[in-house]
Every structure is written in C-alpha cells, then in structure tokens.
Amino acid sequence: MTAFQTVKSLDEALLPIVDGCLLVVPREVSGVPMTATRALVRRGVRDLHLVALPTSSLQADLLIGAGCVATLETSAVSLGEYGPAPRFSAAILGRTITMKDATCPALHSALQAAEKGVPFMPLRGLIGSDVLKYRDDWKVIDSPFGNADPIVLLPAIKPDVALFHAPMADRFGNVWIGRQRELATMAHAADKTIATVEKIHDGNLLDDPILAAGTLPGFYVESVAVCERGAWPLPLPDHYSADGEHLALYARMAATAEGFAEYVDRYVHDKRAA
Amino acid sequence: MTAFQTVKSLDEALLPIVDGCLLVVPREVSGVPMTATRALVRRGVRDLHLVALPTSSLQADLLIGAGCVATLETSAVSLGEYGPAPRFSAAILGRTITMKDATCPALHSALQAAEKGVPFMPLRGLIGSDVLKYRDDWKVIDSPFGNADPIVLLPAIKPDVALFHAPMADRFGNVWIGRQRELATMAHAADKTIATVEKIHDGNLLDDPILAAGTLPGFYVESVAVCERGAWPLPLPDHYSADGEHLALYARMAATAEGFAEYVDRYVHDKRAA
Amino acid sequence: MNATFRPEELLADQIAQLIGDVRHVAVGNASPIPATAALLARERGNGRPYVSLLGSPKNTFWTDGARELFDCAGQGRIDVFFLSGGQIDGQGNINLVSVGDYDHPKVRFPGSFGSAHLYYVVPKVILFRTEHSRRTLVPQVDFISAPGASAGNVYRPGGPVALITNRCLFSFAQGRFTLVSVHPGHTVAEVVENTGFDFDRPDTVPETPPPSPATLKLMREVVAPQLAELYPQFAAHVFGVGIAAFAG
Amino acid sequence: MNATFRPEELLADQIAQLIGDVRHVAVGNASPIPATAALLARERGNGRPYVSLLGSPKNTFWTDGARELFDCAGQGRIDVFFLSGGQIDGQGNINLVSVGDYDHPKVRFPGSFGSAHLYYVVPKVILFRTEHSRRTLVPQVDFISAPGASAGNVYRPGGPVALITNRCLFSFAQGRFTLVSVHPGHTVAEVVENTGFDFDRPDTVPETPPPSPATLKLMREVVAPQLAELYPQFAAHVFGVGIAAFAG
C-alpha cells in the first residue's frame, strides 16, 4: 500500500479548518488538541460552528475568547474544579455567540447518525425539557412501536472537520485512539479528520491485532501532525494529567477580557509557550 | 475489586440459554462459539429464536439441523465456498422454521438500538424491496427532516443472551474482542452475555490501555468458559483459519438428513471430537 | 475524632443508605460526597454495587468511548446516579443552564450535561446540593434542563427519589418533596426559611441519624484512601488522607 | 500464454475499466474476478483506489466491527461495490432469497446479505453473474432483495451501472439494460437466446476488446500473487500462481 502524504506540519495539517466551517472536537479528557487550537487562534480562524462532543473546557473557552467562534453546540463548558469557563460565560451574557444547548447523549447520537448515513437518530429523555424547547432543529414524533409515546429525533451532525489529539499515528495515517472510541465516530461522521499525535509509530498500526483494536484507520484521516504534549494543559488519557496549576492560572487571567488578552499574548502568540 | 465467579465450566456457563430464548450469535468470521454450539446440541436446547449478526454458516445450519431453532433472523446462511447451507435450505423448503429475512445493516442497527436503549433505529435502503415487504415488524415513516422521504424504522432487538467466542478473558470477566466490535454491541444489547475463550489472561485486561482498547468489560459478562480452539472448524481472527477440509466434509454429509444425523453422532455427541 | 463526625460524613452515610441494594452506581465528575457514599456502599456490599466514578480510570470500566455511560443508562444498567442544579424547584425540575430569560440570561451555568437523558432513565436519581438557600431551591426554575416528572405517556423509568442538602434530606414522590429528616445542628424552621418551594412534612421531623462508629471507621480507613486518587483535596480535607499516606 | 487470455482476465479487465477513477472499491466475499479487477485498478492508480476485499485481513482496514462496511457505505465512502443474484431481471432487481412463492419456495438461496442497503447507497454497483442463462436472467425476479431503481422521493444515491456475464457486458440506466459488447467467441444471437429479459442494443454491437499485453502482464505478475492470499484456488487455476510461487 502506498503511504499517502498524511503526516504534515501542524499549520499545513490545519488548512482544512477554514473560516465558517463546522468543526467537531472531543471532550476535555478524550484528547483535546490544544497545540492545534493555539495554532488556530494564531492563524485567526473566524466564524467556526464548534461542536464539542459532548462538553468542553479550556478549548472552547479559548476559541470563544479569541473570537474564533460564531456558534457553539455542546452540553456544557466548564473548567471543572477550576471554576466556570469565563469567556464562555461572558460570550453568553454578552450575546456574542449563538449557543445551541444540547445534552451529552444527543450529541453522541447525532454524530452516530452521520456515521451511519441516516438523517436522524432517536433519543429517550428530553421530552418536557427546555433543552428540547429551544432546539427548533430537533423533532418529536410518536413512536410507531409500543404505545405511540413521544420520542425525540435528532438530525445528523456532519462536521466538515474532526480535530483531536491522540497518543500516536503511523505514516499511513492510522491513528491509535484506544478507548476514546467517540474519536472514531467523529472521524466517521466528518468529511475530513485531522489528528495531532504525541509521536509517529514505526510500522503499520493495523498489522498488529492488539494495536489495531484501538486504531482509527488512515482511510478516514486527512492529516496527521506531531505535537508532543499536544493536549497540554489538558490531560491525555494514560499519558499525562492535566496541568492544574496552569488551568488555575488560566481561570484567574481569563476572568477579565484584559487578563484573557494577556494570557493569549503570553501563551498562544509567544511560540516558545505554544 | 472482587473477582466475581465468572469463569465456569462450559455446561454451567450455557445454562442461561434456555428453551425458547432469543439468542444472538456473530457472523462466521467474528468468533463463532462452535464448541458451545455442539454442547447446546448435546443438551438438546429447543425453540431458539436465533439472531445471526448479520449472517451465519455452520453454526446456524447445525442448530437448525439438530432441531434447536424455531425462528431464524439473519441476512444469509451459507457455507461460502463449500456451497449452500443444506440443513437451512431443507428447513426453509420444508417450512420447519420461521424465517425472518433481513439485510446485514438492519441487524446491526437493531442491535445498536437496544445498545442505546431506544425503541428503533432508522436505516436507508430497503424501500421497495421484498425484504421490507415481508417484515411486518418494520415500519416506514416520512422523515421529518429533508424532503419527507420515506425511511425504514427497525425495532430494537434485545436478546436474552449473546454468545460468542473470543481469544481471551481474565478472571474478572473482561473479554478481549479486538476489532470484532459487534461483539460489544451484542453484549450491550443482550440481557446476559456468555463468552467462550481460548485462554485466561493473567491479570486484569482493563489495566493495560493497549489491551483495554479491545476489551469488553466484565460488567456486561455473565459467564466465561475456556474452550481451546472453540471456534473450530470455523476461524478465529488472527488465531486460526477455517478447517476447510472439515467444512467440505460437513457440506457433503449434511446434504441429506441421514448424513447429517451421522455427522452429529460422530462430531457432536462423540465427546472426543467436541 | 471517632466520637464526632464531619458534615460530609453524615451526608455520605445518608446517601449510601439511599443507594440501597442495587447493581451499579455511577457518579459524575466533581461529586466527592456521592463518590464517598458509593464506595462506602461497595465496601459494605463486598464488591456490590459496581461503582463507576467518572474521571477515575481505576473506577470506570468504559471501553466504548464517552457515549458508553449514556448507552449503559439507556440499557437500564445504571441504577443510581447523582445530579445537582444551579436551581432546583419543588417539582423536582433542575436547571443547569441559566438564570433569567434564556435569551438574555443574568447568570450562565456550564450547561445541562447528560441530565436531559439520565434524569429520565436512571431509576434512582439522588439530587445533591450543598448550598441550601432560596437562591438554589426555588419555586420554579428559570430553565428546565430536565423535569422532575413527566406525563403518563412519556417513557420515564427514572427520576428523582431524594434531595440531600447541607441542612436536610427530602424524599421525592408524586411530583413533590417531603422533608424526611433535618441534619444535627439544623432546624425545621431554618429549612422552611431557606427553601424557596413548598414541601410536605410530617408533624414531627426526626433528626438525621449520625453515622455509626463502624461506618465512620470504614469511611475513614478504607474508603478515604480509594477516594484520594480522584479527589485528593477532598480526601485530605475531610479525612486527613493524602496521596503520600498510602503511596507504595 | 501472452498472446491469448482466459475469460476471467477479460472480465477483470472490463470491470477494472468500469471502476474508473474513484477513491474506494469494496469487494464482497467469494468474488475473485471483481477482486482481480479492483487490485488491477489499484496497481494502475498507484495505490488509488483504496481496495477493501472482504475476508482478507491484509486488504481491509475495518476496526469498528462488521458494521463498519455498511456505515462506510452509508457515509458515501464506498464508490464501487459488486452484487450478484440467483435471479436478476430486466429492471435491475436482484433476488438473493428464493425461487417460487416466498412462503412456499422451490429453491432457497442464502439470503439478501447487505444488498438491501448497499444497492441503494453505493454510487456504482456492478452486477456480476458468470452463469448467463434464462434461469438467472429473468423477466421478473421472484423476490426483490433490492430493486434496480426507486421512486423519485426515495433516497437513492446508488444503484446498478452495469451487468457483466460470461457472455457479454450490459450497461444500466433509466431502469433498463443496454448491451454494450459481446465477449470474443460469443454472439448477439446467443445473448438474446439466453437472456430472459428485454434489453436495448445498438444496431452494431462491438466485441468486448481483449486485455492489452501490458494489462495481462500486470494481472499475472503483480495482481495474481496478491490475490492468492484470499483466493488461492482461483489464483492457481487462472494465473498458475500458488502460494509456494511467491512465498519468502
């Protein structure tokens, strides 16, 4: 098999993420591509429709604060034990982004609908909630099975690009994702997939059945870029923990617009820190 | 964590497969529990509603020939290069079983519906086919998204028991399934899961992230029984190939009812062969 | 410290009793007291219930990605879960989204997380809010992340069974809260004063019973070290247990 | 053997041309001639298209279980697939189930496999049947595993584009087959005689062109050894290649 030119420089790998595109990213503990996120902020991407599957923390807050996001679709944004996500909260209160509030399994199902090539997926729950009330794009039907009870249908989410960080990839574009199988669903659902990885694995990940079991095939992968500690200051499962000190620093600085600008200057634009 | 008594003798492990139960088994190349199947024939289980996900070969043919099956739900039964499945064909022509013809992705989706706890899943295709025409349990609605085009809804299949063969398990009931992820879906969908395995892995499969990526958690597993070469004469992926000579022998013997009875005597009831 | 106990220990003991004899308890992120209760129940049950602590690799079995928790709940395989709310009202509705008009909010919370699914399908949802005030326990939430009850034709095998706060324990049934007991050091009058919704109560409201010495011993000596992996600050603060205390 | 060629080589060459310039060709089980064609196309295209040969671990990338093939097709990521039928009719309907009344069949085939989905969603489905007779190519199939065409409001990005047999090649469009060419050694009259359905044909029907020497060389020397992993008997029979011939 020919090795396609999948492994690229980070900036080149990120080119498919154009202004206005529908970008899906994983939750805060599943391999968040923070180095790539900082590169996107530096490049000044605009008007993203950001889907965080199913929640986000620093990544969404940073992109929102830097003015990269037009629409956010997710179930929650929070810095967890470091407090609320300050730029997210400010953007909601200031009405500078469009918010599509969801609930976690709704986003998983909507991505799985795209993965399966069906226009929608049903989901239990939601009936009688204001989450449903404010989602004009979600429909309710009476289930044709059972007692004709109401059930919500969620339209498929088909991202232009899926972007995540993973432990390793090979030169064929195969990416080892381990137990974070929602990353495979994201890739299946998206038109293009970009992965940043800690390192390049020699050989073909699909050749070893044990490794293959945790591998997203390169067939789905547009670009791979190597970013050591590419999730920092967020964790990479089984590899490194969150940098709590830095997250606390972010929470403090991002509490004001001025502090956030200073944070971006120092930790995003200064290449030494990126 | 306490190690529950998950590892049992084969006959004890198979006890939940009672007469009349809804049993789901995997396709011919995903780890078919043939040693377990022969044990079920010896025990004389009756009236199974057998779902083969999404197709079957020797396993369904043997169970049908031995009179264990009342209803078969699958997309195809065939011995592949060894020809048609003779006992399946005879049962259909003789009308001794109820056949629910399906198409492969319909069965995958119906099991995924049960996995997600939703009453149905939509599927593209099927409209205008006789597969759909003969399935009173499948419904067609006009999709509330897009142009109100018709789409099939498949009711969830919730098996009483999922039964399969895998390379290894540990004493906590965790089963390594590798890339055969439909086995996880079967287990998630089923009330109880029974796995036969080639061997017991020392330690906990979930402790190693590389192994964990291919592991079905013991949380879903009722029983594990060790059956070396437990898929024989069918293959176990990455472990052994099909025994073509034996399958050809089966195809020849099972071509007649008498020959099939002799096959069962020799290869099922004779414990040396089982 | 054996003769007395901390408020967190009282709450964890009460929650462990609410959990009851079930197969599987799952605890969301940032929930150290429910996590303590779940681990306590597991110790008492000799490994039953299964306990899943989100965020703890040692205490979660998921291998099918972030969706598995919700699929598992949808399958009916999660018996107990815990939810909180920026606001909780007397009908058991919870609000994790915002205060004020949704389109012009005055306060924004993180979001609904999985509540709009889990609240419906998990048989025993235990509501948990350590700030018991008229700000948090309101007559009517401003945004329903998930409702306390549903119409008869709605698929709803799950829902709230109790609400525990820093002041008291309520049970929940037929769309209303009932005061079950008031924690030591608090009073019924204080509960009424600080609760924004109506609730039922018996003529005599008992005091929440203290954890037994055996329970305290189990919590402090067996549960606390397990907790420290995920909640080191909490374990140190409440139980005086640090990572160093049981490393190696 | 370079001046002549085997019928299988002619068919594989024709199929390779039908495949065209696409990203991904998938080949089902027990389809050695389509597999030969797909591998030939891949060699010519320097690695494009991706070729998935079901049943060949070396030539499939699936890691999400048996459903991934169908999900992949549903995503629009399979451009070409191959289907056959116990019966195929003039409307492009295929029957993989039974002959006679469905409830009282005279002959039973294995079943529809994934056809009732793949036939609808894969843009180019190439029908393939080496037995060209009035028994297999019928006016109307007894059971529609998957229809050749669908009503306008049915989601149908895919469907049949051609039917290749041991005697000839048909194209398929607007719900009808058109005879494109007749293989060397066969005649139009013979095709008419052995086809149970009506089809269109030009006044002059060309002969199917033979594979070029370069194509034959590529098939025999590069493709055949790759094929032998999955189809050892076919590779030995058609190309004289055995596992031993290229082991080590």
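As written, the chain order gives the labels A, B, C and D, with residue 1 at the start of each chain.
We adopt the following convention: a residue touches a chain if its C-beta (ideal position, glycine included) is under 8 Å from a C-beta of that chain, and two chains touch if they have at least 3 such contacts.
Note that the structure is a prediction, hence the values are computed from the model and not measured.
Participant: Taking each chain's centre as the mean of its C-alpha atoms, give the chain farthest from subunit C.
Facilitator: Looking at centroid distances, D is the chain farthest away.
Participant: Determine the centre-to-centre distance between subunit A and subunit C, using the mean Cα coordinates as centres, and give it in whole Å.
Facilitator: Measuring from centre to centre gives 29 Å for this pair.
Participant: Would you kindly tell me how far, in whole Å, the mean C-alpha position of subunit C lies from that of subunit B?
Facilitator: 40
Participant: In whole angstrom, how far does the Cα centroid of subunit A sit from the Cα centroid of subunit B?
Facilitator: Centres of subunit A and subunit B (C-alpha means) sit 36 Å apart.
Participant: Name the residues of subunit C that each touch 2 or more other chains.
Facilitator: Subunit C, residues with two or more chain partners: 62-64, 70-71, 74, 121.
Participant: Which residues does subunit B have that touch at least 2 chains other than itself?
Facilitator: Answer for subunit B, listing residues that touch two or more other chains: 105, 116-118, 123-124, 151, 179, 184, 212-214, 237-238.
Participant: May I ask you to sort the chain touch graph into line, ring, star, complete or other?
Facilitator: other
Participant: For this structure, enumerate the chain pairs that meet the touch criterion.
Facilitator: A-B, A-C, A-D, B-C, B-D
Participant: Could you list, by residue number, the parts of subunit C that touch subunit A in their complex?
Facilitator: The contact residues of subunit C facing subunit A are 29-30, 55, 57, 62-67, 70-71, 74, 96-98, 102-106, 108-121, 143-147, 150-151, 153-155.
Participant: If you look only at subunit B, which of its residues touch subunit D in the complex?
Facilitator: Per the touch definition, subunit B meets subunit D at residues 26-27, 29-30, 53-55, 74-78, 80-81, 84-85, 88-89, 92-93, 95, 101-106, 108, 112, 123-134, 147-151, 179-185, 237-238.
Participant: Subunit A touches which residues of subunit B in the complex?
Facilitator: For subunit B paired with subunit A, touching residues are 105, 109, 116-124, 139, 141, 143-146, 151, 153, 155, 177-179, 209-214, 237-238.
Participant: Within their complex, state which residues of subunit A touch subunit D.
Facilitator: Against subunit D, subunit A makes touches at 1-2, 4, 114-118, 174, 184, 188-189, 206, 212-220.
Participant: Residues of subunit C touching subunit B in their complex?
Facilitator: Interface residues on the subunit C side: 24, 46-47, 50, 61-64, 70-77, 121.
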